[in-house]
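Next come two complexes, and both contain chain A; in the first it sits with chain B, in the second with chain C.
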Partner chain A sequence: MVVEKVREILEKTGRLSTPVADLQNDSDLYNAGLTSLATVGLMLALEDEFDIEIPDNLLGRKTFASIQSILDVVAQLKK
Partner chain B sequence: MEQHNQAGISSAKFEELLASVHKIGEEVLRPNAKDVDEKARFPQEGMDAIKSLKLMGAYIPTELGGLGLNITQLARVCEALGQYCGSTAMIFAMHQIQVACAVNHGLSNEHFKNYLTKVASDSRLLASATTEMGIGGDLRQSICAVEQNGDSFTLTKNAPVISYGKQADDLFVTARRNSDSPANDQVHVVVSKEDYELEPSMAWDTMGFRGTCSEGFLVKSKGHMKQIIPAPFADILSQSMHPTSHILWGSLWLGIATDAVNMARAFVRDMMKKNPNAPQTAALRLAEVHSVLQLMRENVHGCAEHYQKLLSENNVEALDTFSFSIKINNLKISSSSLIIDIVSKSLLICGIAGYRNDTKYSLSRHLRDAYGASLMVNNDRIMNHNATLLHMHRGD
Partner chain C sequence: MSHDHLELAEKYQKELVAAGLLIQTDVAGVYGRSGVFEQVLEAFDHFVSKQGQAYAPEVMRFSPVLARANYLKTTHIESFPDLIGSIHSFYGKEKEHLEMLRKVQELEAWTDDLGPTELMMTPAICYPLYPTAKNTILKEDGRLVDLMGFAFRHEPSVDPARMQTFRMHEFVRMGTAEQALGHRDFWLKKGEEIYQSLGINAKPALANDPFFGRGGRAMVVSQREQELKYELVVPIASEEKPTAIASSNYHLDHFSQPFNIKLQNGETAHTACFGFGLERSTLAMFKTFGFDVKTWPTETKKLLEI
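== the complex of A and B ==
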């Protein structure tokens, strides 16, 4: 399941102050402690895992705002 | 974000307005600039002249009683003011940054529509309290929080720098959404002087921008919950405050740099008149600094036009990308560095006449103001952001 993989990557790279297991898919990741530097690691791991390249027009704060927004972008690029 | 009509006013009308701005610059701002700087006093006569042109509502749509300028026209006004008095231009720019936040994120909201109408009709002066004691220049974190009590709230913030805090009519304050919110879950709150007290905590005796009177205060405020701008501050910052600040600041710094080069040009002309056989050295330096000024100008104008285009398309996706943030950060870094470079080069041309405080070629104020540019949001902080964001940028 993509969502489990995304949660696993987030746990490894996100350096969040809240455990990923406690987050809903629509919880705000920035409020959970996601920094811009951690976003870099998250982005690289997502691209690696799903074999995608997130284009500039999707590389913004909103893409990494929640587990759901990440899932949406992954789904869009996997098509 | 609301669709902000970027049609602006006709170029004929705008040129007329710009001529009036230059007129008050020559007649009011320039004659007082030295006194404002020496005494670190609020440029009251300059701000009154600006109000007489209805410029406090320059960026407010005409339907609400404003002048309806677009962002490039507003930037040109800041650039013009910067040529006469850096502090007055800075006060004007900072006011307009707050206006832009309210216009872009409050226009569909009845309370903010009425508020902006009042700002335009009464020429209210808006100040900003983002910087907080204990946090420094990181705009995306707050310690203070909105304390809600039914429909109303109280908010106390320890703000080490609030430009023209004493003279302002309203304060735009960043704070955590409530006392349980993490540091980066922020809102932008507008409080009016009838509803706040300012306890002075720090004086403003600085190297430059002395007339901005950017003293420190403990702000104790209250208000109605509707005075909180509906959008999260994160959106207000990335879509409005960040681009508008660096475009308007860059524009007034460009104005200061332009005035320095104009003085250098006048100096060289004077020198040639006195001694037509003088060596070309100063003229060569003038040619050099003039090319740097053009670089700065094209960069500032180009970024303003780019932002205007995105606003007119209501292209929120593009405004939210890292690549747009990188571009705006680059504008800040380059314009705040170029202003120092340009004023220093102009000083070399004017020589001791520029170094003196009592000649018409004195560049002391320009140079001292120039050094503030890289500190208002520290360039190293911005450079660090770009170092991170560039990992997430595919290239141009």
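== the complex of A and C ==
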């Protein structure tokens, strides 16, 4: 399941102050402690795991705002 | 940077060296400055100081170094590993010394015998400030600090505006988010006025730092999206690629969080800085008015007292 993989990557790279298990798919990741620096590791891990390249126009804060928004971008790029 | 820009930059560098304003060393991006260059730079620095005096800043001057431990509390190593300047020295005894000398003679990797000191070169002149404010609670009106000094960035270039060691004059604000943002906006406008009054047509532009690597793209997007960095730009080497001669950065709690700088209400403070690049501002004046200071506009000379 993609969602489980994304949650696992987020747990490893997100450096969140809230455990990923306590987050809903639509919870705000920035409120959960995601920093722009941590999104670098998150982005690279997502690209490696799903064999995608996230283009610059999708590297904005919106993409990493929630687990759901990450899933949407991964789904869009996996097509 | 485009090939054309680099060619133009190198051409301008040669002109500056030929005119004796910059003195070439054996390392790209490291120069001596002539008396005339320095006179203009100091006059500009003094002019900037005077503009700041009205706001009664605390004036501080630091050496261009930073405690390694404090450096590591910032995220510089994550964002700009290629720009690092780390200071090393020799810790061995006589025997190790002889071995190192042998390596030097035989052109072997003698620097492997050095160990890190407690110091890093400071990548921006406000870095040494924040550790001195660690574990403090700011007064209600926060703090305003006037800084000047050398910074180091490992980025060898033929572009005379991209030096590895250069001076900045900064005004740093520590306070609430509103105070930090207000400072940024105020000085961006004030900085533009300062340059315009001298006849330098510097204009504000949204900007980003050169974050390292593939992952750095996400940092660039985030920094631009949040409008954290603005520069005042003016053509130096080429019209197409104007050079930043001053920059403003809103750091959010990037520095106050690791150094635990707090507000009265217990929240973490925010910081912002506005920095005038002194060599670049000087170069901008030589570019705009020519190499002979005597022929510069009367108003400019009057304001700079040169």
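Note that the second predicted complex is superposed on the first by the 79 of 79 C-alpha atoms of A that agree within 3 Å, B and C clash if a C-alpha of one lies under 4 Å from a C-alpha of the other, contacts with A are read in each partner's own complex, and residues count from 1 in each chain.
Please note the rule applied: contacts are C-beta pairs under 8 Å (C-beta built on N, C-alpha and C of every residue); 3 or more make two chains touch, one makes a residue touch a chain.
Everything quoted here is computed from the prediction, not taken from an experiment.
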{"item": "Which superposed partner A:V40 touches (first chain B, second chain C, both, neither)", "value": "both"}
{"item": "Touched partner set for A:K12, first chain B, second chain C, both or neither", "value": "neither"}
{"item": "A:N31 touches, of chain B and chain C: first, second, both or neither?", "value": "first"}
{"item": "Partner touching more residues of chain A, whether chain B or chain C", "value": "B"}
{"item": "Overlap of chain C and chain B interfaces on chain A (superposed complexes)", "value": "36-37, 39-40, 43-44, 56, 59-61"}
{"item": "For the chain A and chain B complex, residues of the former touching the latter", "value": "17, 28, 30-33, 36-37, 39-40, 43-44, 53, 55-62"}
{"item": "Chain A residues within the chain C interface of the complex", "value": "36-37, 39-41, 43-44, 56, 59-61"}
{"item": "Chain A-touching residues of chain B, taken from the complex the two chains share", "value": "181-182, 184-185, 234, 238, 317-318, 320-323, 385, 388-389, 391-394"}
{"item": "Chain C - residues contacting chain A, complex", "value": "75, 78-79, 214-223, 225-226"}
